[in-house]
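Below are the C-alpha cells for one structure; questions will follow.
Chains: A, B, C and D, in written order; residue numbering restarts at 1 for each.
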Amino acid sequence: MSSSKLMSASESVKRFVNGGDCLSVGGFTINRNPMALVYEVLRQRTKDLHVVMHSGSQALDLLIGAGRVSLLEIAYGANGRLAPTCVRFRKAIEQGTLKVEDYTNYQMTLRFMAGVMGVPFLPTYSSLGTDIIERWGFSTDMRSSNPQLPRKKLAVTEDPFSDKASQVVLVPAVNPDVALIHAQKAAEDGTVRLEGLTFADIEQARASKHVIVSCEELVSPAELRKEPWNNSIPHVLVDAVVHQPLGAHPTACYLHYDYDMEHLLKYKELADDDYQFENYLKEFVLDVDCHDDYLKLIGTKRLKSIKATPELGYARRDSDL
Amino acid sequence: MKIEYSPLEMMAIACSRRIQDDDIVFCGTGLPLLGAMTAKKTHAPNCVVFFETGALDPVLLEIPLSVADSRVMHGASHNGGLADAFAFMQNRFSGPKVLGLLSGAQIDMYGNLNSTVIGDSNKPTTRLPGSGGACDVASLVGRTMIFMKHERRRFVEHLDYLTSPGWLQGGTSRQEAGLIRGGPVAVVTTLGVLEFDEKTKRMYLSTYYANASVEETVKNTGFKLSVSRARQEPSPTPEELDVLRTAVDPFGLILD
Amino acid sequence: MKIEYSPLEMMAIACSRRIQDDDIVFCGTGLPLLGAMTAKKTHAPNCVVFFETGALDPVLLEIPLSVADSRVMHGASHNGGLADAFAFMQNRFSGPKVLGLLSGAQIDMYGNLNSTVIGDSNKPTTRLPGSGGACDVASLVGRTMIFMKHERRRFVEHLDYLTSPGWLQGGTSRQEAGLIRGGPVAVVTTLGVLEFDEKTKRMYLSTYYANASVEETVKNTGFKLSVSRARQEPSPTPEELDVLRTAVDPFGLILD
Amino acid sequence: MSSSKLMSASESVKRFVNGGDCLSVGGFTINRNPMALVYEVLRQRTKDLHVVMHSGSQALDLLIGAGRVSLLEIAYGANGRLAPTCVRFRKAIEQGTLKVEDYTNYQMTLRFMAGVMGVPFLPTYSSLGTDIIERWGFSTDMRSSNPQLPRKKLAVTEDPFSDKASQVVLVPAVNPDVALIHAQKAAEDGTVRLEGLTFADIEQARASKHVIVSCEELVSPAELRKEPWNNSIPHVLVDAVVHQPLGAHPTACYLHYDYDMEHLLKYKELADDDYQFENYLKEFVLDVDCHDDYLKLIGTKRLKSIKATPELGYARRDSDL
C-alpha cells in the first residue's frame, strides 16, 4: 500500500542532507553510530553542519576532523575507554575552529523529547548551581541570527505549583533537519525496530524533519507489523530506508557485531596527527565508493572476529584468547 | 603472610565496602564498575547495577568498556533509553535509592567536579569529554561516590569549569540552589578515602591506605585538608582480592 | 433507479469524501471511523488511520467499539502509548498532517465543542464523559472535522462548558489564545455539511443532503446560520454505499 | 537473587492500599482494567480514595458506585460505545456526591509523566482558550489542605525561549500512592511485560510509590530478562505480583480475551438502578471470596466465547454468527 522508501545510502544523503543542515546522529559512544550514512555525508562533501547529539563518538569525530561541522551542541565526546576524549573533537575545540555548546546527556535527551512533543521546553532540576547554566558557548548574536539555535542556552524559572520558592531549569527544544539512525531491522515502508539499547535514537528521529534509517536486516512490513508494540519508529516518520549490513562498523550493533576495538584504537592513534588523519579519511572514506567496498578494506577476518555470539549479542572476549 | 595488591585494586575494594545491599548503583565504566561488581559478589548481593544507557540489574559476564557497550544489558530486568534512565534518577521514589559513582579531571573541597575543560572555557588548553550524564547524576541521585587520582593538579582550590555539582559552596548552598537531594558522601582516591563534614560540607581525610600516609595525602591536595579524623583503611581481605581478580576482572582489562 | 440510504450512511460518506489521500486521520469510534475506513477503501488508499491509544495504520478487520478495543492495532506500523500518540499530534512535523475527527454534545457557531457537562459545571443536570483526548486533538492537529446530530439543543448560542477549542470567539482569536495551528474545517451533521467563513470563522451551511433542506437545517440550528453558499451534497454513489455496507460495517454494528 | 514478590490479590491490597490513598488504575475504557485487584479493594472496604486516571471505565465505575471515591481527577468516564458515559460516575457527579477535576487524556498522561520524571510540571499547548483551564473542580481551600492535590489545576505561562509572546499550559505532576496494573506477563521478581496497547500504564506505575501488578501469565525472570528492551517495568519498581488469569474480566486483555460485551451491557442496565447496582456489587464482588470464584459465576461458556483468536489477539466476531 505504502510505496517503498528503500534506496542507497548515496541517494538518501543526496535527497535529505543539505549543507548548513542541523543534523542529529544516533547511537552512543561505541555503539550503533550510523557510520555508513555518515561516511556518505563525508563523501558528498556536505559542509557547514550544525550537529546536535548527546554522547558523540566515531561518527562525530570524523565529521569534525573533516571540517564539516561549524556548530556543535553536545553532552559528551568520547569513545568509552578507547578514547577518553575524541581526538579531533578535542583538537578542533582547543584550536578554536569549532563552536561548542555544552549540555548534559539528560538535557540533550530532553531537548529531543521537547522536539518530539512539539513543546518549547522541558523542565529538569539537573545542573542547578553549575557552569552548564552559567557559561554559554554561543553568543546572543549568533543565536538571534540562526533560527535553529535556541534564544537562550537554558532558562531557570520558578515552579508555579510550589508554595515555597523552588527553581527549575527549562531546557529548549531542538528539531533537527535530519536524523541519521542505524537499526537492526527495518522494512521498505519505513517501519523500524531497534533491539537492545535504544539510547535517544527514537527521540532524535521523532524530533527531526527528515529521518534516514540504515539497517542490518531488511524485513517485510508484514513481519514487523505482527508486533507493532515492539516497533520503534512508525513508517510515516521515515523518509529513507537503506539496507546496509555492518553499517555501524567500527562501532557495535547488538545481536550482529561488536565494536572493532583494534580499528578504533588504531584510529585514535592516527587521529592525533593531522597528516595521518587526512590519510585515514581518504583511505577509509573519501576514496571508497560505498560501504561494501569499505568493508572489503576492513577484511573478512576482522569482521569475523567481531561477529556477535547469538545468545549474548556481542563477541565473547575469551573466544579470542 | 603479607598480601600484595595494587592501588587500583585498593580503590575498587574501598568503593565496594561503601556500597550497601539495598543500593541501586549507577555505574560508569572502569574502576567504579569493578567496585560495584565486587560488592555484588561479596557483601551486597542484592545491590542493583544500573547504567545511564538504561540497563537495570544486568548479569555482567564481561566488563563493558563504555556504558553503551552491548555487555551492559545481558540478563537485565529492563532496558529503557536515556530518557527512562535519567527519569529514574530524578524520580522522587527511585532517585533517593540510587548511589552514583562518578569521576572527573578536577575536584574542589566541596566535591564539585570538572570534566569539561582545563583553562578558559571559550579557549581551553585542554578539552575534556564534557558532562555526559555526570552532571545529571550528581544533581539528581540520593548520594554519590567519586573516584579520583590523588594529584595536586586535580584537587584544586577553584575548578576551571563546574560540570557536576557536589556541595557547591558548602553548608546549605546545595539545597539553596534548588537541588532536590543528594550530594557526594565519599571520594575514593589513589591514596585514601575523603568524606565531607556534616555541617560545612568541606572535604576531610577519612581513611588512608596502608601503602599511603596522611602526609602524602596532604601533599597531593591543592587545598587545605583536615586530617584529624583520619584512620587507616583496612587492607583488602583475601576474599575481596580473589573476587576482584578472578570473578570481576579476570582479563585485567581495567586492573592491568 | 433511486438508491435508498440512511442518514447515517450519508454522514459517513460525506466525511469520507472530505478525507484526502495524504491525511493521517485521527479516529474515534463510530461513524467518523466508518468515514475514514470508506475513504481508505475508495479514493484515499494511502490515508493513514490513527488512534489516540497509539495504533498507527492498522488493518481494521473488524470495527472497534472503543479506541482501546484490541481491534485498533492489528497489523499497525507502530503502537505507542498515549504519550506517544499525543506527542505525534503536537509535533511540528507530524501534527499538521493529522486530520482529527471529533464529536460532542453541544457545538457553537465557531465550532467549539462541549462533551463535559450540561448545566452548571459544579452541579450539572447531565454529566457527560469529559474531554478524553478530544480537547487535545482539537487543540493540536492540522485540521478537524466534527460529527453532530443536527438538533437545536445541540447547535447552541452558548456552550455550557467549552471542552474542545474550535475557532474560539472567531476571527483570529484561536491564534491569539496561543493555539499553534488547526481548527475545524467542516461539521458533518444528520442534515448537511457546515463550513467556516475564512475571515469571521463563523459556521455557514455548505451542503444539505438530498433528503434534507436548507429550511430544515436552519430550523434545527440554535444560532443564526448563513445559507447563501448552500448547495446540495451529491447522494452516495453505488460504489460508496457498497464499500460502506459490505467492506466497512458488514455486521451493521454502527449503521443499524 | 531478588526475593519473590508473588502474593495473592488479597494480600497485595492489604499490604499496599490504604484508606485515603491516591490510587491510579491502569487500562483504558474497555481494555485491561485491573479488575481482580479493584474487586479486592472493594472487598476490603477501603474508603475515601482519591482516584487519578485518564480514561476510566468499569473499574472506576464500581469504585464510585460503591461509594469509595471521594476525589477524582480524570479525563474521561465511558465504556466506549457500550456506555457513552459510565453510569455510576455520571450519577455521583449529578447528585453532588463526588468531587471531580476535569483534565484531558494528554494532560493526565503528562501529569503521570511529570511524576515519573520527578519534575513539578510538563508543558503543552492543549486546552488553551478552553474551560479545562478556566473551570476548577476543587477549591483553593481543598488544595491547600491536601498535599496530594496540586496547588493549581493548571498554570498558563510565557515561553521564555520565544521572541514573541507565546503562551503554554503547565500541567502539574501527580505521584499516586499506589498504581494497580494488569499485565499479560510478569515474573516473581517484579519484572513486567505488557503486550499490545500500553495506554499510560507504564507512566502510572513509574509515577507511583507502590505498584501492584496482576498478570495473565506468570513466567520466570530469566525468560523476561532474555529481551529486557521489551519489558515494560523494571523489577525494582514493583511491590507485588499477583498471578490472576482473566484478571481484567469483563474488560479485554490483548492476546488472551476480548471484553465481555454481554456482561458490560447488562451491567450498564443494572447500574442505572440503585438497588440493582447494590445487588450486582454484592453478587459479583462483595459476596465472592476471590477472583476465581467470580469467574465461576461468569461461567466457562461465556469465558470461552470471549477467548482470543491467537493471530488476532481478540475474539473474532463472525465466529459467533
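Annotations for the structure displayed:
The rule is simple: a residue touches a chain if its C-beta (ideal position, glycine included) is under 8 Å from a C-beta of that chain, and two chains touch if they have at least 3 such contacts.
Treat the numbers as computed from the prediction; the structure is a model and nothing was measured.
With contact taken as defined at the outset, chain B and chain D are each touched by A. Separation of chain B from chain C in touch steps, taking the shortest path, is 2.
Pairs A-C and C-D differ in how many C-beta pairs touch across them, and the larger number is found at C-D. Once the centre of each chain is set as its mean CA position, chain A and chain C turn out to be 40 Å apart. If each chain is reduced to the centroid of its CA atoms, chain A and chain B end up 28 Å from each other.
With each centre defined as the average position of its C-alpha atoms, the distance from chain A to chain D rounds to 38 Å. Counting partner chains per residue, chain B shows two or more touched chains at residues 55, 73, 79, 90, 140, 180. Residue positions 117-119, 124-125, 166, 168, 196-198, 229 of chain D each touch two or more of the other chains. Taken as a graph of touching chains, this assembly fits none of the simple shapes: it is neither a line, a ring, a star nor a complete graph. Pairs of chains in mutual contact: A-B, A-C, A-D, B-D, C-D.
The residues of chain A lying in touch with chain B in their complex are 27-32, 54-55, 74-82, 84-86, 89-90, 93-94, 96, 102-107, 109-110, 113, 124-132, 134-135, 137, 166-168, 196-203, 252, 254, 258-259, 261, 308, 312-314, 316-318, 321. Contact residues on chain C toward chain D in their complex (touch as defined above): 29-30, 52-55, 61-62, 65-74, 79-83, 86, 90, 112, 116, 121-136, 139-140, 161-165, 168, 173-174, 177-180, 251.
The touching residues of chain A, when paired with chain D in their complex, are 117-125, 150-152, 155, 157, 159-163, 166, 168, 170, 172-173, 194-198, 227, 229-230. Residues 24, 45-46, 48, 55-58, 73, 75-79, 87-88, 90-95, 97, 140, 180 of chain B are the ones that touch chain D when the two sit in their complex.
Against chain C, the residues of chain A that register as touching in their complex are 1-2, 115-119, 175, 189-191, 206-209, 221-222, 224-226, 228-229, 231-237.
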